[in-house]
Amino acid sequence: MMKSMEPIILRFECPDQPGIIATLSTFLFKKGANILDVDQHSTLEEKGRFFCRIVFCFKEKGISLTKLETSFKKAMSPFKANVVFSHHSQKMRMGILASKESHCLADLLYRWQSGNLPVDIPFVISNHPDHQSMVSHFQVPYYYIPTTQENKKEAEILDVVKHNTDFLVLARYMQILSKSFLSAYGKDIINIHHSFLPSFPGANPYKQAFDRGVKIIGATAHFVTSELDAGPIISQEVTAISHRDSSHHIKKTGQHTETLALWRAVDKYVSHHIIRIKNKTIVF
Amino acid sequence: MMKSMEPIILRFECPDQPGIIATLSTFLFKKGANILDVDQHSTLEEKGRFFCRIVFCFKEKGISLTKLETSFKKAMSPFKANVVFSHHSQKMRMGILASKESHCLADLLYRWQSGNLPVDIPFVISNHPDHQSMVSHFQVPYYYIPTTQENKKEAEILDVVKHNTDFLVLARYMQILSKSFLSAYGKDIINIHHSFLPSFPGANPYKQAFDRGVKIIGATAHFVTSELDAGPIISQEVTAISHRDSSHHIKKTGQHTETLALWRAVDKYVSHHIIRIKNKTIVF
Amino acid sequence: MMKSMEPIILRFECPDQPGIIATLSTFLFKKGANILDVDQHSTLEEKGRFFCRIVFCFKEKGISLTKLETSFKKAMSPFKANVVFSHHSQKMRMGILASKESHCLADLLYRWQSGNLPVDIPFVISNHPDHQSMVSHFQVPYYYIPTTQENKKEAEILDVVKHNTDFLVLARYMQILSKSFLSAYGKDIINIHHSFLPSFPGANPYKQAFDRGVKIIGATAHFVTSELDAGPIISQEVTAISHRDSSHHIKKTGQHTETLALWRAVDKYVSHHIIRIKNKTIVF
Amino acid sequence: MMKSMEPIILRFECPDQPGIIATLSTFLFKKGANILDVDQHSTLEEKGRFFCRIVFCFKEKGISLTKLETSFKKAMSPFKANVVFSHHSQKMRMGILASKESHCLADLLYRWQSGNLPVDIPFVISNHPDHQSMVSHFQVPYYYIPTTQENKKEAEILDVVKHNTDFLVLARYMQILSKSFLSAYGKDIINIHHSFLPSFPGANPYKQAFDRGVKIIGATAHFVTSELDAGPIISQEVTAISHRDSSHHIKKTGQHTETLALWRAVDKYVSHHIIRIKNKTIVF
């Protein structure tokens, strides 16, 4: 690989047709960009759509990304594409919401602190006071916003998250966010569900798994939509269990599985590997 | 391990209480048996039950297993136990039923022929004529019993299976067996369901998995009960998939996963490692 | 995806430099090809090299692949590339060599017969007579060529394989092929080694694994080079074991792992997903 | 399970012979103990040895474990057994040694703090000053003992560890402990090796793995013996990699794999599931 300036990531989606890659790569070549990585996918079923993620860079400094985007979108306009440019080095701001259980919260903070999760974490919001001390270890502000069945404090939460986050992670936040909250926030929200969806949606899935006698349990990280536990799946992890595992053990094992699934989903998200497509995801 | 005669396998289940192992192992010791292997499990939740599987042998030939069973059951009668003795060397007779798809059928026959599945296979029944030639390669009788929505030919099937099988395997047999058939047959039936139960019960689970955009698919081998796809789970296998997999690929990958799950279930079954317990299994 | 004629697969490798994808995709677009799939990789370490695999097709019949290749190579000549074109539909001819153990041989034949391995199998060569009957079930010619320490019958084998195979698979062929055989054959040979290379090279790796008390065993499919067990690795599979597994069980489990690793390697090979690069492989 | 006092764990090892379980379980029954769990294994190869782990408890308080041990050992003396009794509730004292890399250290501390590793951690010793602040977050004493090639400060380390630890964990401690240190310490030491042993022993295994082009990397937790990286293996974990992974990525992935393998080994160790047997382990 030639030495080069900071990589830029392009995600591109449009109806499939001949000439997309030729047009796109010729445009970048003429601008002096060097392509480092191409991931491409065309849906074969239904009406064809074309998806790609291209990483490129310039040999010289001083390229204006804004100008580039404008001229790129103009050049590609015949393809009716959705286009997103991202800077590899620009950290996304990840707001975290948690409830009583801390394993996913702690895992994200720990990976972040040890340099394995390149994000900024502006705050943690929780409807439980218990994690204050742990979160302050990591020098992250902690907002305790108690909720009730009647009052989910969504306006208060929205105030905190609206302007200083790029996306939210529900690290076992046990409140269902309303349609109007989702729409007012308007950005991506990643949730971890503690089962292998679509098995065991809803409450207490490890108890359900134990009662059903399954031999494998799982966890599912997905985008939040207004329909409960039905949003596009990003990542799933599984762990084998046996009759020896009590429902307590299953829960402990499950929590480890959850942290893995959530971490992998967030990792893919912040490195701009995901394209959402209706109720599914392309994870390059 | 001391040199010894043919191993005998004992499966034992009773309400938990002190003294079970002491009584049981002292009995065997006094009869001159040498214990080779012990697997034990007590359910911790609900009212405690005790389960064990013990493999033992005698140094001398000529022990009557029938007499042993009788005196064992007498000695253990205070424990109100369910007791099953099996000979390691006595092959079980496995009847196979299949429909149109042949991958599970072929996999079982091939593992059997290559010496990796110690059973006798008295016949294959199918409601499709297509596998005649493949099955005859393996020198196994093939009974073509075509079924219709109206006539499932259960009486005819029962005639074939009733007396010369110890258990049945539904290797993708796409007919639901009636409650009265199950009751008339009265022995274990193992089914392979082509999904990670309880996700996607019923028809066409790979299409469902594709439509839902899951990242992992699975297969579940379970005992058949009168409730569809709800019998005790024996084994589950999973395989990771991605957006690159078409629903055709998902199906192919799934079929490989099915053969693994079914083989492992049958392997555990014929080596007497399974104890059924209500809607669950202990798989030692 | 648009309806199209038979897919063509292009593998392309050259020193990394700007403009490769632009030139390549523009060439294909001008010829009327539609790109279906792109896999691309640049080595980041050492001096950069560029690798890609592109699947494309034409909307019209009657394109001459020979002419296309010629003009493509001319157009791409500044890049000093290695270029291979393959037809998706053109089956490769796979010669199989086996010794005493039959599990890998039987697994390949069975997958092939059930339509899951799109190759032609012109023959099986073995230095053991035992598999004659099994192979003839599959209606594949069986050449029994007994070997001795002194006489490996390489000339005789070369006669059989030289002209009617595109590659060879050593399905547990326990003879080391000489440097001069490899050079005279001049095409790819895939071997399955029954360990997780580089652990336990050489003979009897399951015994070695048992003696060392490892908790996981593996199998490695690799291209054959003149250095024993040191050729480029294509695929590796692993299975967990425990102290409960006797060396006999470890061997049985290992054989299952071998068939998986070999199958996956052959599957990738015949679908033209592999680029060899010195002592490594790119497996798209 | 009947309600009972604190569980006691018995590990028992002796030459195989008839009557062991009968004698052992009858002894416990007569003492009023209730057996909760039995794991048993006999080595089949070589001269037979018998291993078991039994968990039992008493219905009444006030049983003296010392008296029990004495009379148990007397009763079992004909079997020439090695016997270890452990209290489930008695936490082991785990000393940690680390060098420059912190991932294994941090992972153990974090699991410990979140209640998933039931040990006491009296201190962390490191030959690097960098982890002082992180360790003090967890309120664990940090001893910075810098070492050189010439002076490994083993006497100083021994002073710290000798009397207030039950075992040591080398969480990527990059110094080889001398034979005389091992002998003077005299208790178990668990090391994490950053490869799938016996592949790539010694330094820089991820670079070796990258250069060899393997498709799976691993990590191995093992007991330390005087022979480098050759001690009894406790647990191994693997992760799939591909040509896309740079040696930097392989290292990151490997570190995650290491933390898993080390955690699982320590978890099994402190719950008294391991019996060492020459150069192997029984891990119940």
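Labels for the chains are A, B, C and D, by order of writing; each one numbers its residues from 1.
Operating definition for what follows: contacts are C-beta pairs under 8 Å (C-beta built on N, C-alpha and C of every residue); 3 or more make two chains touch, one makes a residue touch a chain.
Keep in mind that what you see is a predicted model, and the values were worked out from it rather than measured.
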| item | value |
| --- | --- |
| Distance-maximising chain from subunit A - centres being C-alpha averages | B |
| Shared interface numbering between subunit B and subunit A [over half = same, under half = different] | same |
| Mean-CA-position distance for subunit D and subunit A (Å) | 37 |
| Inter-chain centre distance, subunit C versus subunit D - centres from mean C-alpha coordinates, in Å | 41 |
| Residues of subunit C whose C-beta touches two or more other chains | 41, 44 |
| Subunit D residues within the subunit A interface of the complex | 102-103, 106, 110, 114, 116, 137, 252 |
| List of subunit C residues in touch with subunit A within their complex | 1-2, 16-22, 25-26, 28-29, 32-44, 48, 52 |
| Contact set on subunit C toward subunit D in their complex | 41, 44-45, 196-200, 210, 212-216, 218, 232-236, 238, 242-244, 246-247, 279-283 |
